[in-house]
Amino acid sequence: MSIFADENTRVIVQGITGRDGSFHTRQMMAYGTQVVAGVTPGKGGRRFEGPDGIAVPVFDTVADAVAETGGADAAVIYVPPAFAASAIMEAADAGVGFVVCVTEGIPVLDMTRAHALARDRGCRVLGPNCPGLISPGKAKLGIIPGNIVEPGPVGLISRSGTLTYEAVHHLTRDGLGQTTCVGIGGDPLIGTSFVDCLEAFAADPDTKAVALIGEIGGTAEQEAAEWAGRHLEIPAVGFIAGRTAPPGKRMGHAGAIISGAAGTAEEKTKAFEDNGIPVARRPAEISKLVGELLGR
Amino acid sequence: MNLHEYQAKELFRQAGMPVNPGEVASSPDEVRALAEKYGGTVVVKAQVHSGGRGKAGGVKLADGPDEAAEHAETILGMEISGLVVEELLVSPAEKIATEAYVGVLVDREGQCPVFMVSAEGGVDIEEVAATNPDAVHKLRVDPRYGLMPHQAYWMATRLYDEPALVRQCAKVLSGLYDAFTRNGASMAEVNPLISTEDGQVKAIDAKVSIDGNELFRRPTVEALRDTASEEQGAARAREAGLSFVKLDGSVGCCVNGAGLAMATMDLVKYYGGEPANFLDIGGSSNPDKVVAALEIITADPNVKVILFNIFGGITRCDDVARGIVEAAGRIDIRVPLVIRLTGTNEELAREILADAGFEAVASMDEVVQAAVRVAA
Amino acid sequence: MSIFADENTRVIVQGITGRDGSFHTRQMMAYGTQVVAGVTPGKGGRRFEGPDGIAVPVFDTVADAVAETGGADAAVIYVPPAFAASAIMEAADAGVGFVVCVTEGIPVLDMTRAHALARDRGCRVLGPNCPGLISPGKAKLGIIPGNIVEPGPVGLISRSGTLTYEAVHHLTRDGLGQTTCVGIGGDPLIGTSFVDCLEAFAADPDTKAVALIGEIGGTAEQEAAEWAGRHLEIPAVGFIAGRTAPPGKRMGHAGAIISGAAGTAEEKTKAFEDNGIPVARRPAEISKLVGELLGR
Amino acid sequence: MNLHEYQAKELFRQAGMPVNPGEVASSPDEVRALAEKYGGTVVVKAQVHSGGRGKAGGVKLADGPDEAAEHAETILGMEISGLVVEELLVSPAEKIATEAYVGVLVDREGQCPVFMVSAEGGVDIEEVAATNPDAVHKLRVDPRYGLMPHQAYWMATRLYDEPALVRQCAKVLSGLYDAFTRNGASMAEVNPLISTEDGQVKAIDAKVSIDGNELFRRPTVEALRDTASEEQGAARAREAGLSFVKLDGSVGCCVNGAGLAMATMDLVKYYGGEPANFLDIGGSSNPDKVVAALEIITADPNVKVILFNIFGGITRCDDVARGIVEAAGRIDIRVPLVIRLTGTNEELAREILADAGFEAVASMDEVVQAAVRVAA
């Protein structure tokens, strides 16, 4: 099994006609994801040509896309930051239950409203500023490269994009395939937390171990560690990026900043270790620790 | 983006908040003239993006124009947290009865703006929160409703007993929330918010940080940027759409993705090196960004090697490879490059690099160890 | 039994120090209502003197009143229209579960927000622009005169104030006491509808018959008639005020206006009669019909 | 409170909506001058608070200044739905390609603003809704979020296919919502919203009603009130805080509470009389209101009797009684009063009335029958 999305998930792509949107939609389709429609305001009525001669209709609005294609389970958003929060709200308002927002650079006050609407409408948001997720062999929603994953027993959760790929790459090479790899995003306000993912992995019988890839800033890793300590019955491994980051400086991700004494790598590492989660010192070590815990 | 006190105060005034008067000066003569104009005791305050200006000697009371000019002489050019003071804010001194703290920022957990207010103002609020948490009152603002009048009023009653002061304070808080949201701030605070001996509530200090993601749609706020006070490379990185933080080491890092960039820095340290910078070339990259990244990194004389660590996802490896080749042609890269590329369009990237005489490795540990070796 | 409020309901009064607020608070206290505190911004710390030497504390905010008095079940609002929507929001936000808003003349756009917040916080609002309710012999929240009611088997629901008194007056004189008399308010946007009250009365074993006093404007009576036709097992009697009202003119209540062909007294009368609810032609007839249906 | 078309258009312009040009005139000469200024074909439109101005002959096209002046001559002074035309709006004629309808009002059921839009504009929207409901698209606005961009865009795509028109229309709808909320409207509509042959979307008509409860805090909107076009007694009633509607009968009614006032009118009719008015003296009353009510009612020459029906709740019977006594002393009430008072402070009221020689009964049926008898 997998969490959040699989081969039956019917996906709409918002911003399908843009440079990134069209590139990654083709990659998603090539991976086998059920993309049923695209949305770009002003481009309704066209068709989007995917790989292998498959084409999907493009609509002006998500509501039309949902109505005309017999429903959608998820939307993936590749629209510019000025319009991305609005795109999330549009999808949530149209009744889409799961929204993956890849866009980076969305104003945080926009996101306070978008997250509120998503909660009001019962919509799960993954991201923003996230690489999305991939359920190996089933579907990918977002931009995680399909060639670095394999089906298997490991659930992976990360605040980062490329660091996720790095970790997955090692897991796959070491024969440790994945149920689902989830990039939760590097923004301070994200829709799906480590804990949300842990709960989902805990309920998935196929996931036998979890890797948690965190970074400096905020307290999401500490909360995850505490939750895992109390509820998680499968082994988990942690990693924290940003040990060398100076306090008060934003390290790229809007969420990756040490404020005062809070949100340091030390604090997070301690939280993991206090809750029985070994912490890798190098990205390559993550896979090694997971393998040990799984008795491989 | 941090604003100077005088800029923040102007935003507060625009939001209808009561703020003490004041003007900016950049020479002792100008300060003398302002002190003459205001008469009586004046306050001279260094305008730098740093807390602890008072402790550093950047804030002085002056009993007349001569003393004001003397203080200006001392403070101008002073270095506070590595920043040189080039401007001073001169204000008439206030007759302070009480000092409170009011601030609003974005709460990660609640995913909403959160106010922090305390009747204990004029001091470090984090210290108050740590030593006397009951003295700090928190109030979350539901973004669907904004700050509701009863919430502003409730906070005001935590700071004042006298109904007239409570009413004024509630207005200040509504104004602060307006200033916060209307300018796309990530933090706005007044410390201290004073009440005067004649019963006026007003802001005599102001601190505002703007969410960088808001600036594209707020040109008047963007215009407040003080590029002179930015660190080396920051302006160039911003223009090129790169995330860059200068550090003190010798291994220049050019990575795609903030997490991987941090992990790369950490790995440099792990293998005994010191990173010269954090640099994320971002998601959807184009060759120009790579060129800019190389220019920024090579401008740092400490850099002895440049480490590329690229894992292709939304970034395509071939774009980065083209950028490296183009940059090598355009600028004089006087230090060695060590390159790691893997992921989307990896094969194509290797070909492009090979054609230009560069080699790339596939492992992160490998490339970092190589870089540390070169820099040693 | 009674609906919404009884002798155990702990009540806060917002605007307790005003002319109307103080007058009616004394009346409520004299009737036996458990008033536990008052709220008037700027008057916190005083005490409000009720009848019989009883005094209650006055607070600056509802949150303080709730915190300092060990909780409140209901708030009654007597504040001017400019601040009344805010007062509702304050009560709902402080966790008060039932708010009676007597104030008339609140801007309708203010009420869209106040009703939304009340829904979000799980707070029932009665009104605004309503006389409140009285559960005879137990409690009154609002301004319905205590001397015109008696305990008994009739539930009464009305959009009006004084017309309610008129109807209750007859019921009482005819020996038909009441479980609760509820004035739901004359505004276009009210928090508690006829249907909400019908549901509550239907669940109250002591209520043996219901009187519905409607007026022109909107479709609340039609919805009530339909609901009663489907679900109500006890007899009901209707009345509609405004048979002689010309279309397009607002008859005092902001909600009492015939728009186009909709909201007429004829339409509402027909809806009642179609659902087996006899309609009185004069206020005095309401009691007569109730008596007949109860076999008195 | 209804606004005139030209006033509504001004509010729309302030909200950034594209509105066709136009100026108001109140004489044929002024209309001629405007027609000269605009050149070409102009439209002359009666400014009265009524629908169906076109059908009534209050809207005319004119091919030049002379014809415009002629039309002005005809329309000025015309009566439309009982209202005399005193002002005309003159606009250059537009080259209309399509006509749509867009409107927003408060939805009772959803307790929120609701938009109604239709590609079939320029006609009675209620008729479209009745005959072809699929042609009318409804969209509720969550008051916690306001009109969201995707909602405006969705509605616009219901009206236009061409992306450029859709974009313009979405802006119009956002502007309309702003105009609606910023001015405290209960209804705002554009019928028709046109697209021109050269691809411009604009409003060539405008209708706005303001929520009377908003006016206390919107003095600039209150200033738009056209008291000249109000019905008899309305201005006086408003000033005194009374709800008053003039009717054609002979039984003047003065009642506390809108429901009871309607029921009283109904009962007058039931017993064979005809009410002269609806009048609600309101909740928390004072004697001055009673005086004002009597002045308004006695100003109607049709009134043969004045019926008081007061059931005390928040209104105290003694206040009303004092008002009646005071009014009887101040003004000449030339018709009989029949009085019913019951409820709060009823005994005190009876004493006050008795001292002044008035009698009061306790039953509504009784007092209405008495009034009808007197008026017969």
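Here the chain labels run A, B, C and D in written order, and each chain numbers its own residues starting at 1.
One rule holds in what follows: contacts are C-beta pairs under 8 Å (C-beta built on N, C-alpha and C of every residue); 3 or more make two chains touch, one makes a residue touch a chain.
Nothing here was measured: the structure is a model prediction, and the numbers come from that model.
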item: Of C-D and A-D, whichever chain pair has more C-beta contact pairs; value: C-D
item: Whole-Å gap separating subunit B and subunit D, where each centre is the average of the chain's CA atoms; value: 54
item: Between subunit D and subunit C, distance of the C-alpha-averaged centres to the nearest whole Å; value: 28
item: Interchain centroid distance [CA atoms averaged], subunit B/subunit C, Å; value: 54
item: Shared interface positions of subunit D, touching two or more other chains; value: 144-145
item: For subunit A, residues that touch 2 or more chains besides their own; value: 113, 116, 120
item: Arrangement of touching chains [line / ring / star / complete / other]; value: other
item: Set of all touching chain pairs, with the criterion as stated earlier; value: A-B, A-D, B-C, B-D, C-D
item: Complex contacts: residues of subunit B adjacent to subunit A; value: 106, 108-109, 111-113, 126, 142-144, 181, 184, 186, 211-214, 216-217, 243, 245, 247, 255-263, 265-270, 275, 278, 280, 282-284, 310-315, 342-344, 363-365
item: Subunit D-touching residues of subunit B, taken from the complex the two chains share; value: 144-145
item: Partner subunit C, residues of subunit B touching it in the complex; value: 144-145, 148-151, 153-154, 157, 163, 166-167
item: Contacting residues of subunit A [partner subunit D, same complex]; value: 41-42, 44, 60-64, 83, 86-87, 89-90, 93, 113, 116-117, 120
item: Parts of subunit A lying in touch with subunit B, wherever the complex brings them together; value: 19-20, 24, 81-82, 102, 104-109, 111-113, 115-116, 120, 131, 143-145, 148, 158-166, 169, 186, 188-189, 213, 215-216, 218-220, 239, 241-246, 249-256, 260, 281-284
